[in-house]
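Scrolling down, you'll hit the structures one after another.
Two complexes, one shared chain (chain A), two partners (chain B, chain C).
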Partner chain A sequence: MAIDIYKINPEFRDIMPKEIIDLEENATWAQNRIKPRGIKEMPDTKEILEEHSLCAGCPESAALRYVLAALPCPEETIIVNSTGCTSLMFPHIALHTVHSLFGNQNAVATGIKRVLDWRFPDKQKDVMVLAGDGATVDIGLDYTLQSFFRQENITTICFDNEVYANTGGQESGATPKGQVFKMAPLGKKFEKVKMWELATTAGCHYTMNMTASAPKAVAKAVREAILVAREIGPTFLNIYTPCILEIGLSANEGLGEMKDQDKDRFASYKFVSPEAEEYLKKCKAEGKL
Partner chain B sequence: MANQGPAYYSPYPAALYEGVITPPEGKALLLEEVVDEEIAMREIAKQMLTKENATIFPGPQVLYGYNEEAKKKATLIKEMAEVLNAKMIPMYDYRPKYPKIDAEVEINPNHPNLTIWHNNIKAAIFIGVHCHYANVALKMVRCETDCYTIAICGLSGHEDAMATLRDQHSSELEKFIKIAREVKAELKL
Partner chain C sequence: MASIKDMTDTHNWSGQKLVTADHMLFEAPREKHFMTGSEVLKEAVKRCTVDASVSYPITPQSEAAHLIGELWAEGYVGTYFRGENEFGVMSEVAGCAMAGARTITTTSGPGTLRAMENFPQWSGTRIPCQLILMARGINSPLTIQPDNLEVTFMLETGCMIWYAENVQELFDMSIAAFIVAEKPDVHVPIVTVVDGFFVSHTRESVMLPADDIALLPYEPYKSPLPPIDSETPPGRFLRDPFVMKSNYISYATHASWQWEVRSAVERSRPYAKHFLNGLVHVTGAPDAEIAFVTCGTASHQAKEAERELMKLGVKTKVIKLRTIRPFPKEELLAELEGVKHIFVPEFNVVGWLEKEVKTALHNNHTAEVVGGPRVAGGMSMPAEAILKEVFEHINVEGK
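Presenting the complex of A and B:
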């Protein structure tokens, strides 16, 4: 049934705006496809997110486009969000999304995933959390880690911009040591929390630390993380999406900043548990990757 | 300048504050009055046939063919628009439009009054709009326009509409279309 919610009744085709007809005909719904969805199709297919109200050039918006393009089955996916700059994009996504109270995202996602599995036992429903570093590493750390301890089948993605951006620049646990922000004038006194290492320790089966500089790499990580979460257990991606506003860069400088950080604080970290590795091999053999 | 609605720019635009509540089962609501469904259907048809730029706003529950009932309703709503000589403007989803909607051809629950002002709509049917968004949209329209709003609702109705039919499924829509044809003939339209 899920894909049918995008099938416009023929009586109304003539009054629907082109973008909605495009969404039905030209978005890459998994159900209409033989090959897995991917970012290659972005230029000539309808995207699930096409407009947003973030700062011009904000890397979060680009990263979210890659994430959405890589979902294995968008029509059966629910994304749970938390307050922050990311939540300025969420209302524009043409999928089911849930905005949870700041910090509660992994608890809310847990409930949704469990209920969906109970309600639709013969369907594969993917539940994904997408939230900022303030929500994931600070205020929601308890709920995030508890969901990993409990081995919930959800994928958690942290858009780490190393700051509370939406509230004007306070330091977060993910801020690097020494960093000064408008509302953290003395500079951060302790080291950046390595959330990806905590995630691995807490029981995630697939963990990555990366930037969003390479769309293909983001897409691959998202797809693999979701597949592992379906069968094995929790997965976590920490993706650097710099807040160009708070670190004083202009709209075209976000990519350069991410590339620089590919070699520094966000040098690639990847952990895949033996069970997950085995499962991913199977997925590859079955053409799911 | 736009005309104000019955609630004007009141800080409490909800009909509930004026003691208006949804009709009981089997009944309908016309302004503040609980009436028989058939009486409301006749009045709704009259309003739609006589007011300027009458428009139907179909919502997601009828625009998309997600089940058999939705498909059936779509055919009936198209027929209804023909009988009522009404235009149709879709409320296809509830996402806010950035930077702004095209008020000529679409309606958004976040600022439904824009579409009504822009097209000078004096009577409108909301059908297939999910409860919570219908509630929000109807409150705003009631507050900020002089449009005669009609909620054709599959559940318990909307007190913020000027006229409300409740528990409306395809069989009730058929009944309404029949009545609308009669009213049209009586009005010699």
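Presenting the complex of A and C:
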């Protein structure tokens, strides 16, 4: 039924904005497709993200577009968010999304996923968490790790910009050591928290640390992470999406910054559990990847 | 484990015959049992076709949360697990209820305060979940004793608050609570309070209907906001949070949303009146000039004092408030007609109920309101303590 909610009542079609009609006619809903969705279609199809209100050139907004373009089945996907710059984009996503509190995203997602599995035993409903590093690594660390311990079938994505950007540039647990930010006037005193390593230790079956410099790589990771979360257990992606504003870069410098960091703090880290690896092989054979 | 696929038009997934709340509460034959508040809550949940429950061992512990776990293992509750702490549990409950589940949890004392940020989030999200609050003390110093100070923190969360006096009321109220909270024109969370230990851990006689019947299921698509299940168009409040636009319209919208939550609580009155048989219960002399205004187990002690005073020829009455949110102002004022002295005995040091009563009486009534006796930290409230308070304020012949 899910896809039907995007069908426009014929009585109202003449007064519908073009972007809503586009959503019905030209979005890449999984139901209409034989091949998996991907970022290749972005230029020709209606994206699930409408205009957003982030800064010009913000890498986070680009990363969100890649993530949404890669969802295996957007019409059955629920995204749980937390407070921060990401929450500014959430109102523009044409899916069921939740903003609840700051830091409780994995707890809310757990409740939603458990109940959807109970209410719809014959349907595959994907629940994904998307939050910043403050929400994931600091205030929400307990709830994030506990959802991994419990082996919840959820994909968690951290848009790591290494700073509390939305509140004006304060140090976070993901800030690299020595970096001067608000609340760290003499530079951060301890190392960046390696959330991807914690995630693996806590029981995630598919963990990656990466930047959003390569759209295809992001899309592949998102797709694989969601497929693994469906069948095997929790998955975690830590994606560098720098706040160009807070580190003094211009609108056209975000990509360069991410490329630089591909070789440094965000040098590729990938963990796939043996069960997940086997499952992904099967998915590939079935044409799901 | 239960499967929702086993549900039919007439029976729920555990094979219980589906009945209305009216049948369950007013018509079904009952038999006498002897059990604690925690045990009776298990019996109530068993008869409520509950989809989801999330538990935490609570600080301090009552048995209720793990007894609901037994119901899940027995196939009566759809999904159940232990959360990481009370903040996490209340967020997990929120997720369950947002996704369209009839959801219940329990907590008390320090757990309530740890979870606090979630309660206005619950009401703001308009989820009809139920919290059983077995009121216990708040730290510091460390305590595990009965004390209802925590209720004062709950008063302005936008949740309905009902208060049960004993094991029987806890059973009946917790069943009615789901039905009232789930009314489409109400649809806010409900907190059913009992005094911890005195009710949660004490065995009493209780009349229960048979356990082969259960409430009709929750219907999430009657919710004023769509459930988060990708089956209906997304709710605009999630798609257009007011924080996105810093302008006067967004401020006014946020304010009106909060007023609407409070209005929804007010709209629960007729339903609560029906299922609770009135928002206040009165015992004693109708023409009394002395009244005790109470909730919870203090009501029981006040009734004891009322009988003692009657022996001395002093007419009193006990007005027990069954709902705190909405506050039964009209009913209270009606019962206070002709009353000259009001006593508010409470199990806390701050006198939150006295403040509520005084607010309701302001410019509406001239009676003197005495906030006492107040006992706390685990102290009991013998009738003698109430009598002493009365004798200190009123000249009773022979005393």
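In the analysis below, the second predicted complex is superposed on the first by the 287 of 289 C-alpha atoms of A that agree within 3 Å, B and C clash if a C-alpha of one lies under 4 Å from a C-alpha of the other, contacts with A are read in each partner's own complex, and residues count from 1 in each chain.
As a convention for this text, a contact is a pair of C-beta atoms (placed from the backbone, for glycine too) under 8 Å apart; a residue touches a chain by one contact, two chains touch by 3 or more.
Small disclaimer: the values here were computed from a predicted structure and weren't measured.
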Which of chain B and chain C A:5 touches, first, second, both or neither: both
Partner chain in contact with A:91 - chain B first, chain C second, else both or neither: both
Touched partner set for A:142, first chain B, second chain C, both or neither: second
Touched partner set for A:20, first chain B, second chain C, both or neither: first
First (chain B), second (chain C), both or neither touched by A:115: second
First (chain B), second (chain C), both or neither touched by A:52: first
More chain A residues in contact - chain B or chain C: C
Intersection of the chain A residues that touch chain B with those that touch chain C: 1, 5-6, 53, 91-94
Residues on chain C engaged by chain A in the complex (per definition of touch): 3-5, 51-52, 54, 78-79, 81, 83-85, 87-89, 91-101, 103, 117-118, 121, 125, 228-234, 238-241, 243-244
Footprint of chain B on chain A - complex, ascending: 1, 4-12, 15-17, 20, 51-53, 91-94
Residue ranges of chain B in contact with chain A within the complex: 58, 60, 62-67, 70-71, 74-75, 77-78, 88-90, 92-93, 95-98, 102, 105-106
For the chain A and chain C complex, residues of the former touching the latter: 1-2, 5-6, 53, 75-78, 80, 87-88, 90-101, 104, 107-122, 125, 142-143, 146, 150
